[in-house]
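Chain naming follows the written order as A, B, C, D, E and F, and within any one chain the residues start at number 1.
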Amino acid sequence: MSQQVWKLVIVGEEILSKKIIKLIKAAGATGYTVNAAGGEGSRNVRSTGDPSVSHTLSNVKIEVLTGTRELADKITHDIATKFYADYSIITYIYQVEALRDHKF
Amino acid sequence: MSQQVWKLVIVGEEILSKKIIKLIKAAGATGYTVNAAGGEGSRNVRSTGDPSVSHTLSNVKIEVLTGTRELADKITHDIATKFYADYSIITYIYQVEALRDHKF
Amino acid sequence: MSQQVWKLVIVGEEILSKKIIKLIKAAGATGYTVNAAGGEGSRNVRSTGDPSVSHTLSNVKIEVLTGTRELADKITHDIATKFYADYSIITYIYQVEALRDHKF
Amino acid sequence: MSDFIELFIKQLQSPTLGFLIGGIVVASFGSQLAIPDSIYRFITFFLLMKIGLSAGIAIRNSNPTEIFLPALGAMLVGIAIVFIGQYTLGRLPGIKTTDALATGGLFGAVSGSTLAALLPQLDSANIPYEAWSAALYPFMDIPALVTAIVVASVYLTKKNGEASEKVEIWPIIKESLQSSAVTAMLLGVALGILTKPESVYESFFNPLFRGFLAILMIIMGMEAAQRMNELRKVAQWFAIYAFIAPIVHGFLAFGVGLIIHKITGFSIGGAVVLAVIAASSSDISGPPTLRAGIPSANPSAYIGASTAIGTPVAIAICIPLFIGIAEMMAR
Amino acid sequence: MSDFIELFIKQLQSPTLGFLIGGIVVASFGSQLAIPDSIYRFITFFLLMKIGLSAGIAIRNSNPTEIFLPALGAMLVGIAIVFIGQYTLGRLPGIKTTDALATGGLFGAVSGSTLAALLPQLDSANIPYEAWSAALYPFMDIPALVTAIVVASVYLTKKNGEASEKVEIWPIIKESLQSSAVTAMLLGVALGILTKPESVYESFFNPLFRGFLAILMIIMGMEAAQRMNELRKVAQWFAIYAFIAPIVHGFLAFGVGLIIHKITGFSIGGAVVLAVIAASSSDISGPPTLRAGIPSANPSAYIGASTAIGTPVAIAICIPLFIGIAEMMAR
Amino acid sequence: MSDFIELFIKQLQSPTLGFLIGGIVVASFGSQLAIPDSIYRFITFFLLMKIGLSAGIAIRNSNPTEIFLPALGAMLVGIAIVFIGQYTLGRLPGIKTTDALATGGLFGAVSGSTLAALLPQLDSANIPYEAWSAALYPFMDIPALVTAIVVASVYLTKKNGEASEKVEIWPIIKESLQSSAVTAMLLGVALGILTKPESVYESFFNPLFRGFLAILMIIMGMEAAQRMNELRKVAQWFAIYAFIAPIVHGFLAFGVGLIIHKITGFSIGGAVVLAVIAASSSDISGPPTLRAGIPSANPSAYIGASTAIGTPVAIAICIPLFIGIAEMMAR
């Protein structure tokens, strides 16, 4: 009833979300899930002028389930090339078991 | 100090959240965690009339930790039977290690 | 290109979030990610006087990636000592693979 | 005739319409402008409370039996619209019956924003109407939704050859009454009848009404532009239906209103209210109710049809049209 | 006496109360209606700023020494309420002392929404009061919270037989002052005293006050209905306490107010303000402060008692009660 | 001179400034007070719509050619400010050229909140100005952002020795026009010109303007205090630049305005508007545009400089300064 798939997680600046989603779709993923997030990291730059006092969640967490490791690696690689130098962003990956009847 | 438990993740239309939670409780889970989420998938239908222009997060991500695989499978099965045909929804599962002194 | 790291997840009352973050930083983690969350558990106490009718997400989910199991265990231990007795809170942990060029 | 056209055009220049079109243009141009969701929710709550309060205050000083015939008319129109949808849209090639029923249900149901847009324009045009007529809203809204869901259930049961299990009507009515839109309006009506909210009404709800309405129109316009894409994914018939149906429904209800006008003293302005709530299609309470009630219907079809085309047509064409007709009749 | 009952009943018909009850009914009926959290936060900010500004503008033109005795009275009442809680509620079978202290602290602290509900009703009843009297809020609020937390800490230290480590008072006061409710009101007071905010006050804060208050009452009503379930999980004594305590605290403070009235020129209206802030229980700043300060107390008990019963009793019974008494005294 | 100082000090007592300072104090004291993000977004939308509407209504009744020279002046000042940033801030030890360009771009761009703070103070001071002069906003804002991004790209291409690929200007302009701030203002202008929004303007946008502005000032103040920490992490030169630049830019633009005043009938009040939009630095649309356009620049530097120091200086010093000068010239 189930299939092994990869779950790639990307946490980065909210300002990048549209660009990252575009890149995920271009790579051929079947979908993605987005959460508003906050956080701090080693770079921790702010990218908006919106008031921080209002507890804006200025990060975004994007999760992509992929059927193959290759696809996940391709997305990671594209993100690394484009955004690692200038933006606050991290990615990590692990395996999960998904219901077989959904195609990833 | 720790115990292996299963973490079941459900991502689906916000409109289903109350029904899914009811079903999770009925199955006997000790708890659940909910996040507002957005996303796109293969079906990607919208279920509300609320303005999409205002970036509403119209999905919901529900996580359930269960002590046994059976319980998680039961919840997955109930959701699949009830909602897979007509709604945008995915589920997946993996193992995590929880503090022993919390009962799941 | 990748490194095994630990992902520690903490779900608890929103009111604790600043204190938990302080504790995470004090333990020496390189960062954390926060999500607004809702949920129910075995204790399920409410900690704010804010209207629940307005669907406030009164929990918080905090994720910490750590390079070593020891660091994660230290954070878990600190949280358990300080908050388990009086607050609604759970923690769990699992391994994920992160890009090698980010230091955790 | 030229008189009528002149009146019609004057209506087209109203600020309400300008803000609606402004929203459409802004979203079509891909602007980042977004009114936060919580503001949108507050505004719809505010507008429906205001409409409810003024209706309730009016009912307090009026003869409650007057509302009987118009309410019955509203009910019948709401139910009729669903069957019209089933037997016109539903008969077209490639259209699933459940999709047609859900669309008919949504167009039979009522839009709070369209109603809110109508009332100040009736005032500006000096067309008198029963102050309680806004309270006709739930009398058309709920029967339309219930009919669509019940007919769809019966249809599906038959089609799947299942032993016909009875569809429960009360839960559907209850869900409609519990929806935020209907609750807000009924709460306003109840407070208007039972308490003396004049001080709050005059200092808050009345003066801010036009402003919040203008902002809601911008949101509706942006939303219409956004949903267009979704509508493109479904059969073109939905778009055609969404353009014609509001006008047809409006004339149907206006006719019913005129008959009641002959029988009782129901005003022409009241008939316009009836026409416009018939022309409108639900944007707040309808979609989730239908999604839960007819899960197999495609929401992109019915919500897309209603939001992208139905609502703009109701506001931009039907409101000036029926006000224009009423003005001509008053001469 | 019949005079008093008449006055009391007239107060019961005020719109404020109608909106509160409306909210209770709506939520009990299971409606989906929800005022967004951000709107709720904005409204409480708005109301407290408005109250603060008008108090500040008043203080600017008044003799600051006048406030000394009433402020002292507020402080003593706030502290007394905690001990009353400890020695009545806390002595009942099955009630933990820390729960009683936390509940006493919350009922000693002040509710901005109850205060906001009081002031327009004093105005309508033409009862004069010192315009600065709203500024008594923090003088009762903070001492009550501090006392509850300090006494609970001392109690727990003793009980656990630990070496008595000294409880730090300043951090608790600081946290109270930093809470959004107290900050908003004090910011308003400061701006009222130091700048000339009359133009903003007259064009914005004053006209919108009644409307936002009405919406807050709906929220408070919905919240009360919602919290009822939580209250059912804890000992019934909390419900009984929550019903009686506001009235008792109100009379205590009204008595203190009357004594100050005899000594100085403090008005009867000012004594009503003192009574109602004593009757009120904190809904914004109190709960998180107590949760952090007495972590072992059960929040379902004290928040449930305050929100589900205490606040409705303060608004629906204590406000008309003390206004009625003041009106009778004025004859 | 003493006259001028007197006028300057009177301006300092305006409520606008009081609310700004109140916000700074509150945040510095570590208060939990937070205005929800959605309210902040709604307020900026509201204020820019209001400014746009009143400009649009004014343009409807005015000679559109009048705006040509002031718009050209605004453009040139916006572009000049970027180069001033590059050749002053950018030459200082330890300052990266891209950081200097991004900072110059942000200070060349315009702050809706500063503009909103200016207009009522011009009105109170009875200084007449062209009602359309708020429409100069995008004419300075967009050229400044475009110049900063283009110059930075050229600089980086050269530095990295890459084959010079042409920088596309249109996408940058488009992104600026699509930003929520510029869209809101232009939508207001368009609706003001093309529809008759007077009823909405008079009942909603105009009366609530001062109130929402006051709340925005509190937010800006809290934000300035918060960003101070960030600014401390970067070179002190940014803080020094942020203090001096608004004043220098203001005088530059005021000079340009005076020249246009001599040539055409452009008013002194209009020159003050030009001066203050030059003195202001963008807080809504600028930062994301620059972040995307010059990704390698450090946002802590330019946003910190603008929000923590630039905006307070523009509001607290430049507005009273230029109003004081204009009043003196009018004598």
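For the reader, a short list of remarks on this structure follows.
Convention: a residue touches a chain if its C-beta (ideal position, glycine included) is under 8 Å from a C-beta of that chain, and two chains touch if they have at least 3 such contacts.
All of these numbers come straight from a predicted model, not from anything done at the bench.
Chains that count as touching both subunit D and subunit F, per the definition above, are E. The chain with its CA mean position farthest from that of subunit A is E. Here A-C and E-F were compared by C-beta pairs in contact; the pair with more is E-F.
Look at the CA centroids: the one farthest from the centroid of subunit C belongs to D.
Distance between chain centres (mean CA atoms), subunit C to subunit E: 34 Å.
A separation of 40 Å divides the Cα centre of subunit B from that of subunit E.
Per-chain CA centroids place subunit A at a distance of 46 Å from subunit E. Within subunit D, contacts with two or more other chains are made by residues 34-39, 41, 207-208. Residue positions of subunit B with contacts to 2 or more other chains are 35-36, 94. Applying the touch criterion to all chain pairs gives A-B, A-C, A-F, B-C, B-D, C-E, D-E, D-F, E-F.
Per the touch definition, subunit C reaches subunit A in the complex via residues 2, 5, 7, 30-36, 65, 94-99, 101-103.
Interface of subunit E with subunit C (complex): residues 27, 34-37, 39-40, 219, 222-223, 226-227, 230, 282-284, 286-288, 291-292, 295-296, 298-300, 303, 306-307.
Only residues 9, 11, 35-42, 44, 57, 59, 61, 73, 76, 80, 84, 90-94 of subunit B touch subunit A when the two sit together in their complex. Interface of subunit E with subunit F (complex): residues 36-39, 41-42, 45, 177-180, 183-184, 187, 190-191, 194-197, 199-200, 203-205, 207-208.
Subunit C makes touch with subunit E in their complex at residues 15, 45-56, 85-87.
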